[in-house]
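In what follows, chain A forms one complex with chain B and a second complex with chain C.
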Partner chain A sequence: MYFMRLRRCVGAVAKRKASNGSGLMAENTIALVSFVLTLMVFSYVLGDLPFIGILYRVAVYIFVGMTAAFTLVVSYEGVVLPYLQDIQNGETSWTTLGNSADIAIFFTALLFGLLLLLKPIRSLTWLTNSVYAVVIVVGAAVAVVGALTGTLFPVLQATVALPEDLSTDLSATMDTLIVFVGTMTALFYFHYQVRASGDRGGEQSPLSRGFRHIGKLFIVTALGAIYASAILSSLTILTERFSFLFRFGA
Partner chain B sequence: MSEEFNWLDYAEPAESAPEPPQRSGRRRFLPRLPSLPRLPRLPGRPIMPGLPRLPMPALLRRRRAEATLEQPSATDLLGGHDERPLDELDDRLLSLRERSVASAQPSAESRQELYDVDDVLVTPEILEKPGGVISAVALSKAQQQQIELLRDIVGGAPQANEPSGRRLLRAAPLFSLSAVPRIIGTGIILLMVSLPFVSPDFAEGERPPSDFDEDRHGAIAVYNLLDNLSTADFVLIGFEYGPTAAGELDPLADLLIRHIVAQGAKPLIVSSKPIAIVHAQNIIREINRSVASAELRLERGSDYHILRYLPGGSLGLRELSENFADVVRVSAKGELTGLVIKSLSEMSLIVLLAEYAEDMRNWAEQVMPEADGTRLLAATGYAAAPIAQVYADAMDEIAGLLVGYRDVYTYGEKLAFNFGELPQAQPEVAPASPETATVPPVETTGEQAAQLERVLSTAFPSPTKTVLPTATSLPTTTPLPTVTSPPTATHLPTATATLETIRIVEVISPQQVRIRRGPTTADDILQLARAGDSFEVTGANGDESWYRIALSNGLDGWIAAFLVEERMVTAAEFRSGQASASANLADERVILWLESIVSLGKTRPRFYQSDSPAPGDELEYIWMRDRSQEAPRLHAMTFGTLAAILLIAVGNVFYALAALRRRGREAQSE
Partner chain C sequence: MGRGSRVGMSAFVAFIVGVAAILSLLLGDNPALFGEQPGSDELARRLALPGDALLRLVVIIVAVSIVIGIANLLFAHIGRLAQRKFTSAVLLASFGFTIYWYVTRQGDTSLLEAVQVPIESSLAALLFLSLAQGGARVMQKRADIWGMLFVVVVLVVLLGSLPLAELAPVKTWSDWLMAVPVSAGARALLLGMALGAIVAGARALLGQDRSYRG
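And now, the complex of A and B:
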């Protein structure tokens, strides 16, 4: 069998066959819709004007509506449906669900979901808000722990990490030095403590002001780099749209 | 508003039972549900009936108590503080102060416009009429339009016989002159970006190199780690982008998925964004549409898996890292995947496709601390790159980073070079029937023939002796360009006749070597070369540590002298040697291909099959992509960047001139 494959591949091969009629028509329809939607989004260049502005809004509303619909479908299929299927198949029942922790998690999630449905009833809004509070508090706790272990500690280590041989690895040493100076002076930029008394009361020390200025330079440079990167991203996406439009036109 | 709020005399509201809120609008038609018992009120918690008088903050309570004891209050402290002298203010604050003073003093023009302001602001007599208060006030037409607009915004009752939306549209101007600069700027960018697609003459800007430079450790690591995958490996792909970043990240996703699958590994796609799940399915569908053979198409469940959606953003990612076995159990369609993977550490690699820096941060914070040694490769767009680069540098678990479309090009070049293209079939060879199974013979060297026999006997334990087809499609040798040597280069003779002796170099390094644009390692990489590749020398630098060589695409490149061996041959020998090398290279690629079948073919070989093969058609692999649009897009990005820089510069000059003109007028007025 493998030899047959080998012979077919090396000996002679075929180009891709032309798509059948229905497939081609569907492809053209999708391309046409994409083309029209692209032009509708581009109409925003003219501003949020009467009639013309509606084109942009319709395109955006279509995107938002479809995103919401897909979110609903994906959430149902990927999250809710597996539980229901397990129960239906007998894999998750009162006796086979596993341990009491699983059962508790399942019913807690179910209860929370039902409580969210009470949001329109004004007198019961506090129940919905309680669910929100739990989710937000847990989310904040997870975010704090993650920020400590995933961001603060590694970035701090990288800020103060020096190369093993300072004399030979001059480039890495300079990098570390620049990162260190940038971090410290940027922190000074958000430092608002002033002298409490004396002739210069209410003012910062000249050293502190100098660090603030340097920190401001680092921050401005960083924001400029991010802005330039955003422009490059936009250009990349724009070129993809042009590539699509010209291919479609051809 | 002019009356100052006297907080010392502010009477706090007395705590009383709140009145039930009055229902308004459509709610008043809904049946009132029986009210449930409210939560017990915390001691000291003030009750606010609607939005009337608010209780005084504790700080002001203390201040008021202090004020009654004839101590200075906060207002006294602030009021007694002298303004800083003008000479102590920096330029920015001085400028702001001058502007505020100037705006506070109405100019002569504005006074002229408001000459009858007293007449307008006279309080009109309000009469009780059926139309309400507004209809009783004599307002100008413009004022009426503004009130109608305001009423639309705050949801006031529309007037009869006229829908509010139409009124709003009529009130808005049809065209604003303020939009002209935006339209011109956008038009310039669109025009510049479209030029490379219109005509190939607008091919400005250099293409990215064919290989990642030495300082791109992260990008090289991405390629090498993916290239070392095997059929037993699972790769977790964090697919964290949707249609909004498709133009930028789709090529990266396409490339990485093809590379993973070509190695025989299985990608497991997961996402905390529901729309990204749908988009990942589209990417796989596009890959399947781009290949002709059903054998090459990826099948969900066997070649790849799209796992269930992770709701909750960072919470979902936390669940992924801590409850991985449950996540991989179910697919995005709600079906059982059949995968039994206990933890994240069983993944060979994690590949993250991130649209925003926040995605990178979430994965670095929530997933990687639990990855237990599994390394992450990230691919982002340009917008997320500044933050992603920080994580890639700071965290040892993040092994590599690809950024933007330039890396797509370089990665694609490197992939195509390393995988190579299989030799073309002979046009006259007709497809043999499966029964006879005869293949045109090939002339190979003794060593290669032995290697082929060994590989084939391993792959196909059949008594039928098999031989490989001839690799006949050899690259056409193009005439070499005339040398235009730089000032530092040593002039060498140009090959103009086949009998003439020429100077060539042959690559002797066992590793791939880089051919660069200039005689330094800082210069861009033009292409790669393997051991045995030979090039005609067209020059050298001063100390002959670098040779300038003629490439087959007509360009000149530079190669380090210690990587090559130099010798003199005739032009005829050189060309025949190149042809022989190409043939040998083609045979080597066939051997590599067969070896890949040996390793991959037991499960699913990634090669082309056709039900009706035709002579002269090209072979097709899963890693082969349509790259026809890459060059125009890169040139369009160059033009777009130039247009953006131009617009920013012109805009800055314009605003600088406007500022100078304003200062001049202010100086004249003073």
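And now, the complex of A and C:
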């Protein structure tokens, strides 16, 4: 079935090739390759059948090889090349410290990067670990500052902010109250605490259990909505792929 | 140098660099923190320098480590070629062809359109089947009040997204659900993640979490 449709597609492309210019030919080649690769990925649904099972794996390996190549290109073009060009130009500088400081930073970074290659030598592992330490703590510092200024403060501010027409619009007031209670109880749900009670180990207070149940209600609702959004997104992409397959196959 | 002192050395480097980075990122480039005093702009700019330099240093190290990682991937698959693994040859050919394409036809995105985009979107489309199957399994294994609530919310959001006039009341419910309870739950999840990130970051900065010891 696959091969019949493929032969028809190849035939259609060959006919179009003969009648149109090179621009359309390139477009048809792209469409044909897309068509074949889409079918190869969708062959996953058929399971591990002889000759069919390998198609999905081949598509995934093509994808991994290409992604690795694109990542390499982006790392070089987006990071290494601009810095390399900047340090060659004495008049430009990333910082106010001047071009010589830029050169020092660039070559220190390259040296640190090359130190990562010493990982297999046991006696020099501490050098590699020091480079990891620099990368991890700078990443941690960025994460802490980002979480504080980008998430924690804005979300807390939005949660405790009152609507402007508080006195007139009762439903808006109720909604604000529900959001506030929901956020606080859902946060409380993450915090597990028990009261020590003799030999039985510990038990939650009824108030704590009540708060946790309310919090769980909001978390389950949020997770359900996130799940539905993920289903909608993937369904949209699936529809687009089927539409492409039918358009190309027709 | 003994093992203990070498580990201590890494932790010391981590602490100094971490404190410099976090102070610089928090206080740098923010003259308002220092009031209307003369020279506050210059002070803020100078405080931003260590953070800026460290970020640039780390960005280049990460780029180099990506190159090392890709080289490792290629060597691993070259090693698998000796075991006659056909798929490794596919991966290496795909990698080589992409680099050749980039070198010879710079700026041409047709390879991306023909290969990368269809494979990525087809894999994303397959996710629908996995999600639907996963949802059905959850309902089979957890048929309690919370499972029911989960399914009801999923159905309301899905039905609310349909462009049908008959489903207008469901759309109203769905909109309210997204604006109020879902917003509250999502805010709590975001706050939990932010608090978790701060705690994990603080542990790394204080040397409590030494995952870099190897």
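Brief remarks on what is shown
By definition in this document, the second predicted complex is superposed on the first by the 184 of 250 C-alpha atoms of A that agree within 3 Å, B and C clash if a C-alpha of one lies under 4 Å from a C-alpha of the other, contacts with A are read in each partner's own complex, and residues count from 1 in each chain.
Criterion: a residue touches a chain if its C-beta (ideal position, glycine included) is under 8 Å from a C-beta of that chain, and two chains touch if they have at least 3 such contacts.
These figures come from a predicted structure and were not determined experimentally.
Of the two partner chains placed by the overlay, only chain C lies in contact with A:T38; chain B stays clear of it. Within the superposed three-chain model, A:L114 lies in touch with chain C and out of touch with chain B [touch as defined at top]. In the superposition on chain A, A:L235 makes contact with both chain B and chain C. Annotation for chain A, partner touching more residues between chain B and chain C: C. Judged by the touch definition given at the top, the superposed model places A:R247 against chain B, while chain C stays out of reach. By the touch criterion defined above, A:A186 lies against chain C but remains apart from chain B after alignment on the C-alpha atoms of chain A.
In the superposition on chain A, A:T151 contacts both chain B and chain C. By the document's definition of touching, of the two partners only chain B reaches A:L81; chain C does not. Look at A:V160: by the touch rule set out above, it reaches neither chain B nor chain C. Of the two partner chains placed by the overlay, only chain B lies in contact with A:L49; chain C stays clear of it.
Chain A residues in contact with chain B (one complex) as well as with chain C (other complex) are 45, 63, 67, 70-71, 75, 79, 126, 135, 138-139, 142-143, 146-147, 151, 155, 158, 222, 225-226, 229-233, 235, 237-238, 240-241.
Put simply, chain A touches chain C in their complex at residues 26, 29-30, 33-35, 37-38, 41-42, 44-45, 57-73, 75-76, 79-80, 83, 94-97, 101, 105-106, 108-110, 112-114, 116-117, 119, 125-126, 128-148, 151-152, 155-156, 158-159, 175, 178-184, 186-187, 189-190, 215-235, 237-238, 240-241. Chain contact summary for the complex, chain B toward chain A: residues 33, 35-36, 38-39, 169-170, 172, 174-176, 179, 182-183, 186-187, 189, 193-194, 197-198, 242-243, 245-248, 250, 274-275, 277-278, 291-292, 295, 308-309, 311-315, 318, 329-334, 361-362, 364-366, 368-369, 381-387, 390-391, 393-395, 404-405, 422-423, 425, 429-432, 434, 437, 439-440, 459-460, 462, 464, 466, 468-469, 590, 594, 597, 601, 605, 607-615, 617-620, 629, 632-633, 636-637, 640-641, 644. Against chain B, the residues of chain A that register as touching in their complex are 2-17, 45-47, 49-51, 63, 67, 70-71, 74-75, 77-79, 81-82, 85, 121, 123-124, 126, 135, 138-139, 142-143, 146-147, 149-151, 154-155, 157-158, 222, 225-226, 229-233, 235-243, 246-247. Chain C contributes residues 1, 6-7, 9-11, 13-15, 17-18, 21-22, 25-26, 45, 49, 51-68, 70, 73-74, 87-88, 90-95, 98-99, 102, 110-129, 131-132, 135, 146, 149-154, 157-158, 161, 177-195, 197-198, 200-202, 204-205, 211-214 to its touches with chain A in the complex.
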